[in-house]
Structures are given as structure tokens and as C-alpha cells.
């Protein structure tokens, strides 16, 4: 964190030189090379995630997928959304939202695990009857 | 009785000079309808929610009168079952969504927050106005529901009943969705205002406790309300195209709906009670003319309640078929919320110690709050204890408990706060003796209504019953008499306030001796709140505030 | 009609009669909390009233204005309530676990909840009833399902409650300890006649229970009686009034309707005959009566729900009410 | 509002009258206005995250319960289209971030260009989405109760969903074109800078549709058989002049290639009220996947998530057009670029959510 901070501070200095507004400086233009670098990193990660989906990795797959997605989301938030340069309060705000989301998901999942064995799928028994397709659904996969 | 020493009845010398204030700043319908002034928006909200409260109150009385008899024979009952179900649903929905949630934050909060903070306006005045209009649109949706076939699901919209009923659930869900956004915008506005617009000198710990409470409330509004939004949206989709997420006939799960719903609606309970606690903190200290006991503890406990409030939604579902482990965890977390609430009560009582306690209308309401809220809070212990809750869940015990908190707590505090800030908002003093009378009638009526319901619940009377076994009749009748009394009390309060608008004496700048910033600007406040930037000091330093017989109010020495 | 309930009131001011093995524990905790509340509430209110009087604003008196703050007191009134609620939680959770953990040696009864009717099916002989019969001093396990919306099974005398959730099984158990007749309520709002979804629990001796079960499976010989029997058991009575039993509304009354013309909501008219009754049972939405457009929809009864000869019996029953007063 | 403003100007008792037009009267300085706006935007993003969390929760619960349904149904989503849309959104995020930079540096023309590019990407995204949606509707892959899934017969192929969906964008594009022509006639730079991006974004939408169609037809790799192609495409080919290069997918081949996936339904395990069931020994009953309560539920979640996301894209397009108007008027500079920055934040959040939606919906194997 400290590392990235110092490097980004450099980036600032750069951008700051490019133009010169004296009063109440709060505009910090992001350098173009950084935007492009982040964009290409995101593209590479997208290819990676599509690529890895071709292999059956079992339980690991969902973990890997979410890991890549989180890295991507982190890049977007940190650089495109300037969170690294922003007030810490804004970072706290967005992180706290994720905490509350995980709380919500966590409790619901915890409960779902508990009643899993009591479920009656299709309680009235009419789903199968009513939605029986005229022909079998065909799927191709690779 | 207290009138002898009460500052209000002291002779008021009125200056004849016409003052400039926000009410006469500009005139015409559009000057109100398009206003960006937080005070006018607050007043429009006040008018709106009081109307909603009146509607909800009429429904409440209808419920109580219907239950005068056991209604074993439907032909002799006041309403049919179907009508009764619609009445109690609308009572709940209107009271919760249209009245209590916006009551303190949107009406009083809008008016007071920038003034107490010492700023000219909230951070986003246009957003503020749009939030009011969203409320109006939400109200229109509910009126539409009312005008068509009504809604009979209970305010909780539990699936699958809400999916299959023929009443107009869909417009009601859209109404709730829109009201949710109204609530989010208000909360967002307040958080940003408090965070970024405090004037120099207004540090966090110089903020009045009312602002702390509103701040905590706003956090909940912003974090919890979106989940309600998506829940009712999914419910509307469920009814419109049958997406099946909550519908067991399509392998959906009704208990999931309950999780979604209560993830918002339990924190919403704190949206309702926290600002009321903030009002009481102000009322207790101002009318005791004494600094609040344990300022920081009260401030922190507001935030603690807001955060813990997110962890306890499961206690609405103890019997709903949740897994054991979830149930027990939620029960444990539920008890954690009781501690900060208890701390607040102790601190309020501690504030009166060695003070100078004025007995006037706001204080009577504040003391009545203390009594009622303590009962409301303590009876929560019964419901948090799992084994006892198995017996009490969904009975009248629960009804009594949440009315003690929501009505004995929030409503009484709201009315108290309304009396407290009425002179500031309208520039008129009300008749204090009549105000005290209204407070006493409300107190008696309230207890008469809801104390019997605790017994009813313990004896096993389920809630939402249009008819009941004869055994419960006496207690029900007691409760109905209480409700009528309560109605009379609130009517008296309304008359007192209306009377003051036309015949009230001109209010002094600081009628009660408060030390927060709103008492430093004239009553009613000027358009821009402060002609010169206010000097911010300790909001509870009463040592330099003395009664001044000439103006009929208090002045700073 | 409710004599049995009136009897309950003699048992105490707060609670109905304690008739299950859970009752003692629940009642104990309830009263413990009640006393804890009193111990907190009385001093708070007393202090409030005393301060209001002692420090009241009056000529010649000026109290202190300084904000007080006392760490010892504040810590005390944080820690003491915390310890107390920890105990309450513990005791409550322990009682809950006892309620939710079903013992091994249970007598199983299937519970079907449907708007607005309870029906109980006994494993021993497949008997079915609308009143719950249970033998005293035995562990009873209920396996509950809902056919439509949420319901909740509540017997105040047993201090036991559990929601019946469509789409999953919910279980509960209890051991009745005192013979008698107790109320059984639905406590989860389920629509128009929610408040009529009440029945009784008969706690009886082992022999009487056996006799009841045997009685239950005997269908009446007479076709009209049999129709009435199905009328009571297949949830018809929770919406339709017939003779002098059943709910008045939300569905149409059976009395005096046979053979008369019926106005439908689409404006046409049909005769109330076998065809109409059969169609209304198998496909209730198709011939809606005028005036009942907004009533809660009747569920469709397939042939597995109600066999043709059972429908015939119900038709015979309705026919017999031709001249009954509506 | 006019009264407010009028009164405001002749009521000079509160000091701050060095306020420039872009600084609201209740703020002290530009920094405070910017901070308040930005903090407000972050709070709003929090509400957005929680809003979506409800659907993510539903997703997690039902995927956890019936993983096989999600696996099965996910194969009906075209990964290539999803990946391309991901790329398009990421690119739009880049242009948006660049637009913020341009606003700060007063590069007005570049700013309009970047905002226009973002708008265009949004349109491409929607165009591709329109193809994806309508294609599924034709196959009967509809949410919940509406689910029919009679793929071979392509029950809905005669509904011409896509053609109907295209009406509104077409009107939008025509209006954009007319406006652009008007701006050329009156030779106004301002109007040209507004009309240009609007028109181009309309064209981009149709480009997205073409791209989607091409990929949906040209690729039989990893999604369901397409019996509907011959009918639906014949129609569209006339519509947009696309080459009829699609090789009317051969159902028979697809069938032969992989055996039909059928999960045997064991209906004896389902609840039958006349049989006494003792559910204790019973595991979760596995029903056939191809019905309203299984596949239908998946598609409910799919449509809810992507639909609400698409609504956010449309909302974003509206505010971007508003920004283009402001940018064309040269309103932004280093002291006042809050609107661009805040819309940018919103736009990145929409991207952020898609970054999760894509693997969670399209990439289940």
C-alpha cells in the first residue's frame, strides 16, 4: 500500500506539472500511460478468466474465477475510480458496503445450509407435468 | 401547576417591526413547491406526514373498534374479515413507510439539521426537494392502492400470500420502492452535510446529540434501504411475470423473502427509534437546564445501535424455520442491542440529577417517553430469549412490545420534539397547560391500550385476528377504551398546535433555554439561517444562559 | 362453545394452563425476566419522578448546569446488564434447543396446513382428522407441510410454535403432560379467514387415543353423511357455509343453492347442478360467480385430491341442503 | 426556482458574493463543493452495491442449492458475446477515466470525444445484449413461470422479438441524425458536438446488434442448438442487410454430437399427499432441470441481474448525454469537474458489477 502510494504520488507530480492551477488544487489528472496500462491489464485478466473456464478445475474453479474478478474490480476501483488518491473516508465507505453485503450473504447462506435437507422441490408436483417440453431440450457443450 | 414559574407564560414584549424570516421570504405556491430551502421542505414534509399519521390513526381506531366484540359471528361484526385485513395492513404500511420512517429525520431533521450544524443548507438541496416529491409519489401509490382493492398482506408482504392474493400488492410495492428512494436521498444528504459542511469550530464532539442520532439513522437508511428496494422490486416481478424466486410453487423460497425483507426492516426499526432518542437527549438536557450525562456514551451508543441493528434481523424469524445455529446466533446478537439502549436510558435519568427541571409540554412528553420506552425495551428481553419467544412470537405480546417502542417511543418523542421546536418553526408559542394536558391523556390512553395486550399475548392471543375467543374480550375492550383515550389526547395536542398558529404569542428567540445553535437565530429563522456565521460552542453548556423576563425567553450572558 | 377455554383462565393471570413438558421451563424464564424487568424499571421510574420533583424549576432555586460524567457508574450500568442478558440468552437458547431437538422415540403425526384448515394424518393407520388427538405423556413429533401459504402451528398450552412453510418440511415436537382440550391457533397471517384457522388439541389417554384412531378411518355408510364427512375433512368447510357449520365466507353458501340458477362473473347464467359442482371443484376459476371476483381463489382439487365418488358424496350432501335456510 | 433565484440575488446579507456561477451558494469554496459531491456519489455507490447484493444473494442461495441447474443453464449463454461485452465495458471505463482527465485539463474537444466514445460503447453493449435477450426469448428461455424451453421447435421464433426491440433505438438514431443534420445546417459547433455523439451512439447500437448476430450465428461452439436461426435470421437479414452467411445451424448434427442432457426425474419422491412420506431419510429431491422451477428460476435470476444492470447502463447513457451538453458548452475546468468525475464513478461501478456478473453467469462449467 505504502509502495503504491508513493509511486502514485509521483504520477501526481507529473500531472501537476503539465498544467498549473494555483488555487485550491484538488484536480489530479491521471496520467495516460497509467489508464492504458490498467485497461490492458483488465483485458488480459478477462482473457485469462475466459481461458480458465475451458478447464474443469472442480471446486477450485469458482475460487479462481472470483479471485480474477476481484483483482479486476480492485484495479477499476483503485485506478479508474481514483480511490488510491481519494480521501480515506471514501475508501472506508465503499469497503464497509462490501462488509455489509458479505454479512447479508453470510447469514443467508448459513441459514440455507441448515434447512437444505428439509426442502420439498416442486411441492405441488405440477411443475414437471405442466412444463414438460414437447421435445427434449438439447444441449451441446465442449 | 408549573405554569407559575414556566417562562412561557411570562409577559412577552412584542416588537411590532416586521421581521424577515423564511416564511415570509417569498410567497406564492411555486415559492413553496419549488423551494430549495431545507426549512420549507421540512415544513412540507411535516404537513405530509401528519396527514399520513391521521390516516393511519383512523385505521388504528377502526381496528380497535372492530375488536370490541369477539366477532364469532361474522354477520354481527363491524367489518368483514377481508376488510379488517385490509385495514390493519394499511394501518401498518402507512404508519411505517409514510409516517414513522420519515417523521423525525425528514420533517424535524430537515428543518433542524443545517441550523443545528450552523450551515446555510444541506449539501444537495435539489436532491432534498426531489426526496420530498418521491415521498408524495409514494403516497399517491398508496392512495391508489387504497382506492382500488386495498392490500391485505400485512405490511410485511410475506410471500407466497402476497404473490397469490387478488388485492393490489403491485402498486403498493412500487410505492414502497419509491418511498425507499426518498428515504435514501434524505439519509445520503444528511451524511454528506454532516461530514463535509460543518463550519469551523463544529467538531464531531460539539455536535448536538440529535445530530449524532440523525447521522446514525442516515447510515442505516443508506445501507439498508436499497435491499428493501430490490426485495419489493423482485416481489413486483414475482406478481407481474412470476419469476419464482420467492414462490415455493416454482421452487422459490419464502424464507429467503423474509431474510431479504428483514435485512432492511429490522434496521428500519432503528431508523424509527434512533432519531427519537436524539430528540429525547435534547429535551432532557434543555428542560433540565443541565449538560447531558455522558455525552460521548450517548453519541457512541447511537452509532453502536445503528451497526448492531444490522446483525439481528433474524429475531423476526425465530419460528420461521431457520436453522438452529442461525437462530441461536441471531438471539445472541439481539441481546447486544439492548445494552446501548439501556445506557441511554440511564444517562437520560442521570441528566436530571441536580438540574433545574422545568415541567412543560415537551418535558412531559420526554418523561412519558422514558417510561414507555423503558417498558418497550425491557419487554424486548422476553422476545429475545428463544424459548420464551417460541411462545410469544406473533402474538399480541409482540404487538404491544413494538407499539411501546414505535409509538410510546418514537411517536411520543416526535410530538414532544414538535412542541419543543414549534416556536422555532412557526414563531408562535402554544398554550403550555393544554399541551401538558394532552401529554397526560396520551400517556394514560397509551398504557391503557397496550398494557392489556401484553397479557393477551402471554395468554396466547395471536396477532392479525379479525375474531377471537371470548376469553379475551375484557382485555380487548380495555384496549379499545385506551385507544379512544389516546385518540382524544392526540386530538388535544393537534388542537393546541393549530390554536397557537392563529392565536399564539410571538415566540422569543430562545424560549426554553437551549444552548444549541438553532436557538441563536431568530424564531422563525431567517432564509439563510444565520446572518453572520455562528460561534460554535459546547451544545450543552447552560451556565451562561439566563432567563430574561423582558423578552420572555432565555438569553446568553 | 368455549367452555374449555374459560376453564383455562383459572390457571393464572398470565399464562394459559401449562400442559406440556416445555411449559415449566418457559414459564420460569418468563417470570425470571419479568422480575428482572421490575427490578430495573421501578428504580428508573422512581429516580425519574424523584428528580422531577426534587430539582423542579421554582423561584429561588437554580441547579447545577455542569454536565456530569462518571466512569465508575457508567461502566457499572454497562457491565451489569450485559451479564444479566448473557444469562437470559443462555437460558433461552438452552430451552430452545430442547424444543428443536426431536428425541428418538416419537409418535409421528403429519400435519397439513391449508387455507384455512388444519388436517392431521396419523401414521399408525392412515386416519385423518381436523382435530389433533394425541396420547398423554408421549413424545409427539409433527411433520408439517403447507399446501399454499405460510401458516404457523401454535398451542398456547404447550408453549410451542413453529411456522409451516410451503416448499419444505418443518418439524416440531412436544410431550403433553395433562389430559384436556386446548386451543390450536394459526399465528402466521394467511389471508381472509386467518382468524378462523383454529382447531383443538385433545390430549387423551392411550386407550382413548387408540379408539379415536379406529373411529377415524370409518367412513359413514350413508352417502349424505359421507359427503358431510368429506366436506369437513377436505377443507371445504373453511370457506363454505353448509347447514349450520363451516365458515360464512369467503366462498358461497351451500344452503338452498341446489337447482337454482347461478349468475357468473362473465354475465352468463348456469344451473347449480352436478356438472357445475364438479367443474367448480376440479377447475374453480372457470365458472366464477358474480360477486366473488375478488374473493381468495379456491384451490383446484385433482382426482388424486378428491376421487370422483367422493365428489359424488359431496354433491349428495349439497343436494340435501336444498331447502336449508341460507 | 425562478423566484428563489430572483430573491436570492437581491438579498445580499450573507457575505459570499464572490461566488462564481458554478459554485452553489451554500458551499464555501470549490473544494468543499467537490468533496461533498464526491462523497455523496460514493454513498450512492454504496446503495447501488447493496441494491445488487439482493440479487447476488438470490444467486448464491440458488446456485448453492442446485449447482447442476446453473451449470446446465449457463451453457445457453454465449460466452463470446459476454466476453466481448466485458471488453466493450472495460474500454468504456477507460474512455470515461480519460474524460475525467480531459475535463481537469480543460481539453474540451477531447472531453466530448471521450464522453462520446463512452456513450458509443454503452450502445454497443446494449446492442449485443438485445441480440442475446431476443435470441433466448425465441428459444423460450424465459424467467420463471414463462419458461417454456422447447428449443427444437423454436416456439417463439415467429415473434420477431428483435425487430420489435429495435424500434426505440431506431427512433433514437433517426432523431440523432436529424439533429446532426440540423446542426450542420445552422453550422453550430455546440449543437454538432452534442448531436454527433448521440447519432454515433445510435449507429453503435446497430453495430452491436450486427456483431451480436454474427457471433450468435457464426459460432455453434458453446451454446445451445439453434433451431430458430433459419426463421429469425431470414427476417433480420432483410432488415439490416447482413450477409446471410449463417449456416442454418443443423440441429441434427448438434444432437448427434452430444447426447441430450436429461436428468431423470424421480417423481415418486415428490410430495404426494396421498402417500405417507417420512422425509427424514430423504435427501433433496432432484427434479428434472428443464422446467419452470429449475431452469426457469435460473433465467429469472439471469434476467433480473442483467436487466437491472442494463437499466443502469441506460441511466448512465442519459447522464452522459447531459455531460456532453455541458462539455460542449465548455463548462468544465480544474475547479469544476465534479459532474464528470461523479458520473465516471457511477460508470465504473456499472463496469465493476459486470466484472462479477460475467464469470458468475457465463462461465460456469
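In order of appearance the chains are A, B, C and D, and numbering begins at 1 in each one.
Simple rule for what comes next: contacts are C-beta pairs under 8 Å (C-beta built on N, C-alpha and C of every residue); 3 or more make two chains touch, one makes a residue touch a chain.
In this text, all values refer to a predicted model and were calculated from it rather than measured experimentally.
Visitor: So which has more C-beta pairs touching, B-C or A-D?
Guide: Of the two interfaces, A-D and B-C, more C-beta pairs touch across B-C.
Visitor: Measuring from the mean of all protein Cα atoms shown, which chain centre lies nearest?
Guide: The most central chain here turns out to be B.
Visitor: How big is the gap, in whole Å, between where the Cα atoms of subunit A centre and where those of subunit D centre?
Guide: Averaging C-alpha atoms per chain gives centres 16 Å apart.
Visitor: In whole angstrom, how far does the Cα centroid of subunit A sit from the Cα centroid of subunit C?
Guide: A distance of 47 Å separates the two centres.
Visitor: Just the number, please: Cα centre separation of subunit B and subunit C in whole Å.
Guide: 33
Visitor: Please list all residues of subunit A that touch 2 or more other chains.
Guide: 89, 96-97, 100, 104, 108, 115, 118-124, 127
Visitor: For subunit D, give me the residues that contact two or more of the other chains.
Guide: Answer for subunit D, listing residues that touch two or more other chains: 35, 39, 43, 46, 50, 53, 57, 61, 271-272, 279, 287, 292-294, 296.
Visitor: Can you list the subunit C residues in contact with two or more other chains?
Guide: If we look for residues of subunit C contacting two or more partner chains, we find 145, 147, 166-170.
Visitor: Can you name the residues of subunit D that touch subunit B in the complex?
Guide: 1, 3-4, 7, 11, 13-15, 24-27, 32, 35-36, 39-40, 43-44, 46-48, 50-55, 57-58, 61-62, 143-146, 287, 292-294, 296-297, 300-301, 303-304, 308
Visitor: Residues of subunit A touching subunit D in their complex?
Guide: 18-19, 21, 23-30, 32, 35-36, 38-39, 42-43, 46, 49-50, 53-56, 61, 65-66, 68-69, 72-73, 76-77, 79-82, 86-87, 89-90, 93-94, 96-98, 100-101, 104-105, 108-109, 112, 116-125, 127-128, 130-142
Visitor: Quick check on the complex: what are the subunit A residues that touch subunit C?
Guide: Touching subunit C: residues 115, 118-120, 123-124 of subunit A.
Visitor: Which bits of subunit C are touching subunit B when the two form their complex?
Guide: 1-2, 5-6, 8-9, 13-16, 22, 25-26, 29-30, 33-34, 36-37, 40-41, 44-45, 47-48, 51-52, 55-59, 61-70, 73-74, 77-78, 81-82, 85-86, 88-89, 91-100, 148-150, 152, 154, 156-157, 159-163, 165-168, 170, 183, 185-196, 198, 247-250, 293-297
Visitor: Within the complex, which stretch of subunit C touches subunit A?
Guide: Within the complex, subunit C touches subunit A at residues 145, 147, 166-171.
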